[in-house]
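Several structures are given next for inspection.
In the two assemblies presented below, chain A is common to both, partnered first by chain B and then by chain C.
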Partner chain A sequence: MMDRTTYKFEPLWKIRLRLFARSFRKNWGLFWESRIGPLGLFIILGFALFMAAHPILMSTIWDPKVYDPIMGFDPKLVGQHPAPPSWAHPLGTDPIGRDILSQLMWSTRSEFALGITAAVITVTIGTLIGSVCAYFGGLIDMFFMRLADLVMLFPFFALLIVMQSIIPMDLFKLALIMGGLGGFGAITIVLKSQALTVKVKPYIEAAKVAGGGAFHIIRNHIIPNILPISFLYMMFNVTSAIFSEAALSFFGLLDIRMSWGIMLNTAQDAGYLGAFGYYWWLWAPPGAAITLLCFAFYLVGRGLDEIVNPRLRKR
Partner chain B sequence: MPGRELLGVEGLTKYFPVKKRLFLSRARSFIHAVDDVTFTVHEGEIFGLVGESGCGKTTTGKLLVKLYEPTCGSIHLDGQDVIQIRRGARLREFRRRVQMIFQDPYESLNPRMTIFDIVAEPLAVQGVRSLVEREERVADMLSKVGLTPPETFMFRYPHELSGGQRQRVAIARAMVLGPEFVVADEPTSMLDVSIRAGVMKLLLELREVLNVSYLYITHDLAVARYMCDRLAVMYLGKVVEVGPTEEVIQEPLHPYTRALIAAVPVPDPTYRREPVEIKGDISAPIDPPSYCRFLPRCPIGDVTCESSPHPSLKEVRAGHFVACHRL
Partner chain C sequence: MLRFIAWRLAQNVIVFFLFLTVVFFLFQAMPGDYTKQFIMNPKIPPEAREALAQRLGLSGTIWNQYIHYIRNVFTGNLGVSFEYYPREVWDIIAERLPRTAVLFFTATLVAFSWGYPLGRYIAWKRGQVGDYVATVTGVLFYTIFTPLLAIILLFVFANQLGWFRSGGFLSPRFWIRAPVSPQTVFLMLIATVLGLIAWWATAHLVTRRIGHPRPRKLALRTLTLLGIAAAVGGWYASGLGPYAGDIVWHMVLPLLELALISFGGTMLLMRDSMLEVVREDYITTARAKGLPDKVVRDKHAARTALLPVVTSFTLSIGFVLSGGIITETMFSWKGLGLTYLQATLSQDFPLAMGCLTFTGILVLMAHLVADVLYAVLDPRISY
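For the complex of A and B:
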């Protein structure tokens, strides 16, 4: 028989892990039932495999001199670039002789990195500011809400164009700036309104009576209750980050070596976008990839929406 | 019964501003939620606060636990001025001594926390660092409130419990710090009738075991009669009658108390109810006139009532106070 004082309860982390696993299973069931959520997830997984396949291909069947997404060149097809799809180049080559499929695969990684980094930053800032504004109200609230109005009305794109002329904009900086700007925008208003519905609950008063300060209440009560909504908005933010990157790259405003936007930019610079039907392999793959990845994150967001908002469920 | 005076409330007043203008929102009107309320609660006593909804019972309770700051008046706990306590160690000590049980057990427990986290929260906030100690104290408290065996409840979420069980969790949470004074804000009004008695018995039991005093807020006179040693009847922010529970219920003196007690249902089909003598409806407590609050509905009010200010509490019998000019 074990000593009661030392073995009265299981270790807390074990119980918490089990509770987490249980709620995860339940929510996964709901997510699965939403149908569109898993579809989005499968597309994202597909992109992840697509991304992972690139280094493997490069080290096995693809000759780095020919297939390098940035420096590659196929000497066998000199004078024929941009070459249409063939067995050697399933998606053809671009105007300077690089393999399109290789570029597409290689760029996936940076798109993921950019989208997710920007979205995480946006949501972190939005959640913190939203809950602080809701809890304290008054001047802090007024300041951040007016700032959000300003950010929402501000021509984002023009600002990014100006900024890239001041500081050379690589992918990471772009993610930081977009994440930061996004965090002070519409998302603070959404999350603040969510936090306001939490703030008036009696358990907040109960926590005050127990002696909890503002920091304790925001961290333990308000944030956990708005986190599902934050997570939902994160998915929608990935989409907008990827989209903005593509647009900026298309105009050649970013200091990035390769991305889906750059691929479009290459085609545009060489004058191939005008003849719409002819050089389709120059614009269709990156265009489809941008659309599909954005679509996938949107679908996952909609699937999460059904978990977060029970009213959307069919039953 | 009457031990030493634990809580003394004098002239307690809370006005809430009514926002009317869109800009330059300096309020001109005020809701007189609690107006010049005076009472004392003795050690080990259950002091009842009854009245209709909107009469300021809950506001009084929240003032006592410092969820609101009073407009004026004083609150003393064990002779110590409570209103002066602002922050820091003294506030933390006050929180340890005074707790509150909320009306709605469905809303007063955070749905994302387990029962253990909910009950342990006051301990964690009050600086009980040792996890083992927290677990022991939570388990002990849960079994004291009748959630046994505690291990089966500790790691469930509030939505997995029934209303009565939730209210027991809320009680455990309020009691876990070992308070001396607990404000119970209609703890049974949201519960099914069949489990009310259990929760009330539990509160009475805990008074003996943990030696706490209650301010028991309710609108149900039967509950008040069962629970309370003394009773204060509130009307529109004013206390109109205070006295020992049985005396107030058997021989109500204030016309409002009389009407309240006459309205209590009697389990006898042949019982003929006396016509209720008060008229009209409860009026809004926004900037009330200076005369007796109850005058517009009073059956015995006259011209003198209209020309004099709101009556103060007079001791009519030993320990039985009434606020009425005509008595």
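For the complex of A and C:
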């Protein structure tokens, strides 16, 4: 028998914290073992540093008049733009005399913002609808599942092309629209099937018997259990959002002042893409940046997949 | 089974109806009045405008237009393109769809023939260096920015090496004196390939009766070579050979691009699917029986693991339009994707709506086929 007078109960938050730390350590180990996950994470961290370096450089060694990503112009090189890489411009300048490296660094921030905003919206909608559909079933379920069928029927990129002519899109609107459209699509079906496997677990039954309402059960029991899968899909959604933005900007269909896609579009519009090798600094850096960031998020997603999906685990 | 198909078909009709509704109102919401857009178009003669408005149902309230539009689609009347007046939308789609379809199916076949064995192999060698290298390469191909890949391919193979043409469907100068239209040659090309496949399949069936493996293989090879020789000889004799060659020559680069991208996806999917299958009990049983590793891998595991790959192939038919847009634009390949992009940007409403409608039909059919295929391929599922 425990001596109640001397035993001090640990506060709940401490227990929760310890549990969290333990599961985090275990999952981090699995993630690390996947090897491709950490590789993606390192690339993303690299881009974050790259992004953070821009304001520092602008306020120290770069003259804002010359190096501003949108308004800048290098008067020393008049008539030579687009100038090849040099010490002053490590990645050269674009056809209207702006520094490519500065543009590249500056755009990183908007790519992160766009990708993550769109993905968070998609996953939030998908998780909510998926768990509600799984819990209630019936008419609500049928409605949202048919809606998902309908959304999946539309070719995503083709739909965005129509949308941009209806609403002139800046970065934020694009993120909202992509997030919303994605959220009602395939992800609801995936998350609903996950939520269905949670719904039949005994602890849901127990929660019901204990008098838990629908809202309480969905919020406290179903959603926390499908969150890992949601998080996994978030990574894949970041990839597709960044890709779509870049492709739309490349075709010149967005109302954005600067992004990696716009940089490619500038090169294309000025006719420098036809000359390929001679003006490689116009298309190679932004193209490589888009590819690398998409690649990194996808790798992280696959790394997470090995933790979340027990059938893919090694042990 | 039949009842299941009928039920799905009925559901699909409803979903398709909703799809049409959304398409109609989307294009209504576009700036530039749908009903007035073509009035200023110099390509359309004034006297034809009234008839066109009548036919597309452009008069009356939105509700009337909507009813008219739905009726038109279900009676197969997609209207006349504004940009390519007086060509029928059907006519344009019938010309462009084969180009996209050939690109897509050939690329998928190429990607599959490399991705399937490689995915199977790296799943078996899980955790070794080869697995990581192949996975990372696969992800890279899968996530590469499509225009960048196109630029690289164009730069290396068209600009530097000069092996292939840098875009377009054919070399116009070469075709000036051509006796037939490119479309005819292209359709003949498709017919030849399909005929060859049919010939090969027949030869396969016939030679299967030969009991001994060595003469069987010899006979199959001889018949296949004979078929190819006959096809090449036929093209040579018709005098259209160089024209066909010109189209194929232009097709290589866009094909390579699509094949590389879908190769990455196929390989990764096959790997994951295979990793799930090798955990099943029957694989352990097969191993315990003492079967060779190769047999367990290829005969027992890979066949089951193929299931999601086949389904994803069917479902990726929606990719024909979406994925086609970027690739076709980069290589100026006049297929459905490029047509759709241009039609949307130039507000050629009937053509853009026609492309979307047609893709919708294709995707719905593909979903149906995927469901049925799943039931046929997987004995555990029955309807």
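Details
Following the convention adopted for this analysis, the second predicted complex is superposed on the first by the 305 of 315 C-alpha atoms of A that agree within 3 Å, B and C clash if a C-alpha of one lies under 4 Å from a C-alpha of the other, contacts with A are read in each partner's own complex, and residues count from 1 in each chain.
By our rule, a residue touches a chain if its C-beta (ideal position, glycine included) is under 8 Å from a C-beta of that chain, and two chains touch if they have at least 3 such contacts.
Given the structure is predicted, the values throughout are model-derived calculations rather than measurements.
Upon superposition of the two complexes on chain A, no clash is found between chain B and chain C, which fit side by side.
By the touch criterion defined above, A:D149 reaches chain C but does not reach chain B.
Legend: residue contacts after superposition of the two complexes on their common chain; A:H54 is shown touching neither chain B nor chain C. Look at A:H221: by the touch rule set out above, it reaches chain B but stays clear of chain C.
Residue contacts after overlaying the shared chain place A:K199 against neither chain B nor chain C. Counting the residues of chain A touched by each of chain B and chain C gives the higher count for C. The three-chain arrangement built by superposing both structures on chain A places chain B and chain C 90° apart around the Cα centre of chain A, to the nearest 10. Contacts of A:C294 after superposition: chain C is touched, whereas chain B is not reached.
Of the two partner chains placed by superposition, A:R98 touches none, neither chain B nor chain C. Contacts of A:H89 after superposition: neither chain B nor chain C is touched.
Superposition on chain A places chain B within reach of chain C only down to 7 Å, the least C-alpha distance between them.
The touching residues of chain B, counted against chain A in their complex, run 62, 65, 67, 91-92, 95-96, 98-100, 102-104, 107-114, 121-122, 125-126, 131-132, 135-136, 139, 151, 154-155, 170, 173-174, 177. Residues 15, 18-19, 22, 26-27, 29-31, 126-127, 132, 135-136, 139-140, 142-148, 151, 154-155, 159-160, 268, 272, 275-276, 279, 318-319, 321-323, 325-326, 329, 340-341, 344-345, 352, 355-356, 359-360, 363-364, 367 of chain C are the ones touching chain A in the complex. Of all the residues in chain A, the ones that touch chain B in their complex are 5, 8-9, 12, 15, 19, 201-203, 205-212, 216, 220-221, 224-225. Put simply, chain A touches chain C in their complex at residues 35-36, 39, 146, 149-150, 152-159, 161-163, 165-166, 239, 243, 246-247, 250-251, 264, 273, 276-277, 283, 287-288, 290-291, 294-295, 298-299, 302, 305, 311-312, 314.
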